[in-house]
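In what comes next, subunit A is part of two complexes: it sits with subunit B in the first one and with subunit C in the second one.
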Partner chain A sequence: MKKYLLLFLLALLLLGFPLLVDNDYFIHILVMCGINIMLVLSLNLISGFAGQVSMGHAAFFGIGAYTTGLLALQDVPMWVAMFLSAPAAAIFGFLIGYPVLRLKGHFFAIATLGFGEITHLILNNWMEVTNGPMGLSGIPRPEAILGFDFSSKSHYYYMMLLFIVLLVYFSLRMKNSKTGRALMAIRTDEITARSMGINVTYYKNLAFIWSAAIAGFAGAAYASFIQFLSPETFTTSTSINILTMLLIGGIGSITGSVLGGLFITAMSEYLRAFAEYQMLVYGLLMILVVIFAPKGLNGLVEKGIALLKRR
Partner chain B sequence: MGQTILETKNLTIRFGGVVAVDNVSISIQEGQIFGLIGPNGAGKTTMFNLLTGIYKPTQGQIFFRGKDITNLQTHEITPLGISRTFQNIRLLKGHTVFENILLATHHHLNYSFLSAFFKTPAYRRKEQEARQFVDDLIEKYGLKDYRDDIASDLPQGLQRKIEIVRALATKADLIYLDEPAAGLNPVETDELMDLIRRLRSEGKTIFLIEHDMKLVKGICDEIAVLNFGQLVDQGSYEKVTSNPKVIQAYLGRRHEHAQGE
Partner chain C sequence: MIEFLQQTINGLVMGSNYVLTALGLTLIFGMLDMLNFAHGELLMVGAFVALALVTGLGFSYVVAIPVAMAVVAIFGVIIQRLAFHPLRNADRVSLLVSSLGVSIILQNLVRLVWGPDPRNMPSPFSDVQIQLGGMALNGQRLFVVLVSAVFIAILYYVIQRTKVGIAMRACAFDMKTARLMGIRANKIILMTFAIGAALAAAAGTLLAPIFSVYPTMGAMATTKAFVVVLLGGIGNVGGAIVGGLILGLVETYAAGYWSSEYKDVIAFVIMILVLLFKPAGLFGKNVQEKV
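Coming up: the complex of A and B.
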């Protein structure tokens, strides 16, 4: 009962937030947090659940964003463009995953790193299609739906909230079904997984394709919110950022993914004045997490709850 | 004794110049406890890896109940009714006994991810059945007190037992045990022997690799001896242990060294 009451209060807080805080800048940061949380949750499927570290997640983010941008500029309805971004990114996920996920060890990390670089180079240099370094501008807002016309940032806030709730639910269902158990076994010991009748290659690909699709959809949300795309958003350093959020939040944990995305995005926003020291701060944070909280923010929260319960 | 459950024909695997398993043909009857023995490096574990599809043979064939399974992958072999344990126990680290055994229900849980997402009634029922099935096994083999303990923290003897119960949870009829008595004390070994006999009485077929001769003598219906990848002898314990070739494989030849030195 207590759990449901807490959930209810949390829902009330999240829903009422834009009404209480009438600050556009603050809501803007929260929407950016939302996009990053989607990315971290998507990375968690392949790197957290299946244990395969992807170093090129920004590529799927970018493919999704550019799919939306390019289609919308061809006068395709915005919602259609956005929902096509997921399968577009998923196709690339399949093309990379199918050959590479058969290999063991770090080949997957290296292949995704390479894919991330290639995607950035193509976005940057294929002038006729992507408009190169000048980027795509003039991406329209999504069409009005259910009284939301997306003219104000708080409408985006609610859209992100809905997506994240769906995504958290999706992750939970995956984790607690036979799919999640198969992925857990693959992460821990592939030979045992095989011996238990688990098709390792199939499940790794399944996790990766979903992961790519969701990252692509996060890209669509980004394109429609910012309305301008530059190749510089989709570089390897963005991929590393997403991975950092996952590690600091707690790899494999759904709550951790949300906390990591929220914490790092907000922090880098408020440390904007010290932008050149950002990487230094990340590095320091990583070291602290590895030494003092190997399970990330989620581990700390769990420890805190356990301490409170004991009293 | 029933029908042939497993048969290999001229099974051979080469690693570069080394012939690890050389032209081995054996057949195992349903309901048997079949032992595979041989000195270190004789190719016993390689044999298991061939039978479970982890290695592909250079030559020869493997039949399970008359079906050719030579070219199947590991995850395709398990659903047919074959499961195994490992020489170095491979329980998932950090997971409970229940979770470890639940994993083995994977291939007979046939619901789609979509039904799991929507928590359809069929999904709930199947998932509930699988959990009940695992709890029944845990109860049946006396693991109830350890159900929620982290499996890899338990004593070696128990871990071995959990691994065997996990193999049973795949609903296998043929179970490979790779050195089940390794690292066990004499009391644990006795309990293991009782467990293996019990499995036979429940209709399972057991194929085991073992160094512990007391266990081999005590429970195996039939024994095959492997040396340098070749089958030296096959038959009852008394028959193979009185074969001079087998004694030679284990102890070496009588004169050569003594005279040379």
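Coming up: the complex of A and C.
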């Protein structure tokens, strides 16, 4: 009962937030947090559940964003363009995952790294389509729906909130299903999983395609919110950023993914004055987390709760 | 024809550079089953140390190379002890992440100290032009190829013929069995980190006068070195040498005869093709993994 009460209060807080805080800048940061949380949750499917580190997630983010942007600039309705971004990214996920996920070990990390670099180079150099380094500008807002016309940032806030709730629900369902258990078996020991009759390649691909699709959709959300795309947003350092968020939040944990995305995005916003030192702090945090707190923020929170309960 | 020869020399410059960077990486990959994303940063740190020695302390370029190599070798050992050694029993993913952390720290530390702008490294060979049958060869490029060849030859000899080298190869092939044979694996790992770091620093300092020196130069070096490692097969020293030269030549021909924007794409396309058709590398045999 207590759990539901807490959940209800949390929902109330999240829904009422833009009404309480009438600060455009603050809402903007929260929407960016939301986009990053979507990305981290998508990465968690393949890197957290299935244990395959993807170093090129920004590529799917970029493919989704550019699909939306390019279609929208061809006068395709914005919502249609946004929902097409997921299958577009998923197709690339399949193309890269199908050959490479057969292999065991680190090949997947290197291949996705290479894929990320290729995608960035193509976005940057294919002038005729992507407009190169100048990027795409003038991407329209989504069409008005259910009284939301997206003229104010808080409308985007509610859109992101809806997406994240759906995504958390999806992740939970996946984790507690046959697929999730298969993925966790693969993460623990691939050979054992195979000998238990789990189709390792199939499940890894399934996780990766979903992961790519969701990252692509996060890209669509980004394109519709920022309304401008530059290839520099979709570099390997973005991929590493997403990975950092996942790690600091707690790899494999849904709560951790949300916490990591929220924490790092908010922190980098408020540490903007110390931008020079910010990356240095990230690097240190990464090493400290893997050595001393391999379960990330989520692990620390859980430990704290356990300590409180014991009293 | 002359253009082709010129391109070949340029390709060898890039190739020998890739070889120097990839040698340490492939050995460490083989030994620890670890993707060391900090490896390219050692190349960058090496270049900056040499730059500081030459422009700040008035060292001559030729002397600065071995000094930078020694400094970076010590650096490599320190990094191994602080960031990688505590994780020796952890998940392999943790090692990867830790190396990413080290890479971010090094990159930003250098950016803080020296600033983000590219700098030029003076070299006595840069202005020398050697005429050879109608070809104009830049002295620095020739110097890079020669020095790299010497380093690669020495390393190859050490690894193939000496006791330490055999121990390294044994560790890269099978760490557990190597330990059982009485090899002090920890010592060998440290040594490999030192040698790998020194070679990466050599690559950085050699290439610095041709291209400029900037804090993010290590990131691309790491990625390219991974391509070489995959081409040659993990832990395979001979493979890395051939793979590096192949990559350097192919890239340079592609830039010269096709498109310089897309030359980096070729490297990654090669890599993905290798992963598709010869995942054990061009010279490797596919081995079925056992429990």
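Going forward, the second predicted complex is superposed on the first by the 309 of 311 C-alpha atoms of A that agree within 3 Å, B and C clash if a C-alpha of one lies under 4 Å from a C-alpha of the other, contacts with A are read in each partner's own complex, and residues count from 1 in each chain.
Here is the rule we use: a residue touches a chain if its C-beta (ideal position, glycine included) is under 8 Å from a C-beta of that chain, and two chains touch if they have at least 3 such contacts.
All values derive from a computational prediction rather than experimental measurement.
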Based on the shared subunit A superposition, would you classify subunit B and subunit C as clashing or fitting together? fit
Which partner chains sit in contact with A:G51 here, subunit B, subunit C, both or neither? Use first/second/both/neither. second
Of subunit C and subunit B, partner touching more subunit A residues: C
By the touch definition at the top of the document, which applies to A:F170: first (subunit B), second (subunit C), both, or neither? first
With the two complexes superposed on chain A, say which partner A:M184 touches: subunit B (first), subunit C (second), both, or neither. first
Between subunit B (first) and subunit C (second), which, if any, makes contact with A:G283: first, second, both or neither? second
Given the touch rule stated above, what does A:I248 touch, subunit B (first), subunit C (second), both, or neither? neither
Is A:L71 touching anything from subunit B or subunit C once the two structures are fitted on A? First, second, both or neither. neither
Three-chain overlay, closest Cα atoms of subunit B and subunit C, distance in Å: 7
Once the two structures are superposed, pull the subunit A residues common to the subunit B and subunit C interfaces. 191-192
Residue ranges of subunit C in contact with subunit A within the complex: 29, 33, 35, 83, 86-87, 90-94, 96-98, 100-105, 107-109, 111-112, 219, 223, 226-227, 230, 261-262, 264-265, 268-269, 271-272, 275-276, 279, 289, 291
Under the stated contact criterion, what part of subunit A meets subunit B in this complex? 170, 173-174, 176-179, 181-182, 184-185, 188-189, 191-192, 194-200, 206
How about subunit A: which of its residues touch subunit C in the complex? 51, 53, 96, 99-100, 103-107, 109-111, 113-115, 117-118, 121-122, 125, 191-192, 236-237, 240, 243-244, 247, 251, 276-277, 279-280, 282-287, 290-291, 294
Which residues, counting only subunit B, touch subunit A once they are in their complex? 52, 54, 73-75, 78-79, 83-84, 86, 90-95, 99, 102-107, 109, 111, 113, 116-117, 119, 123, 127, 166, 170
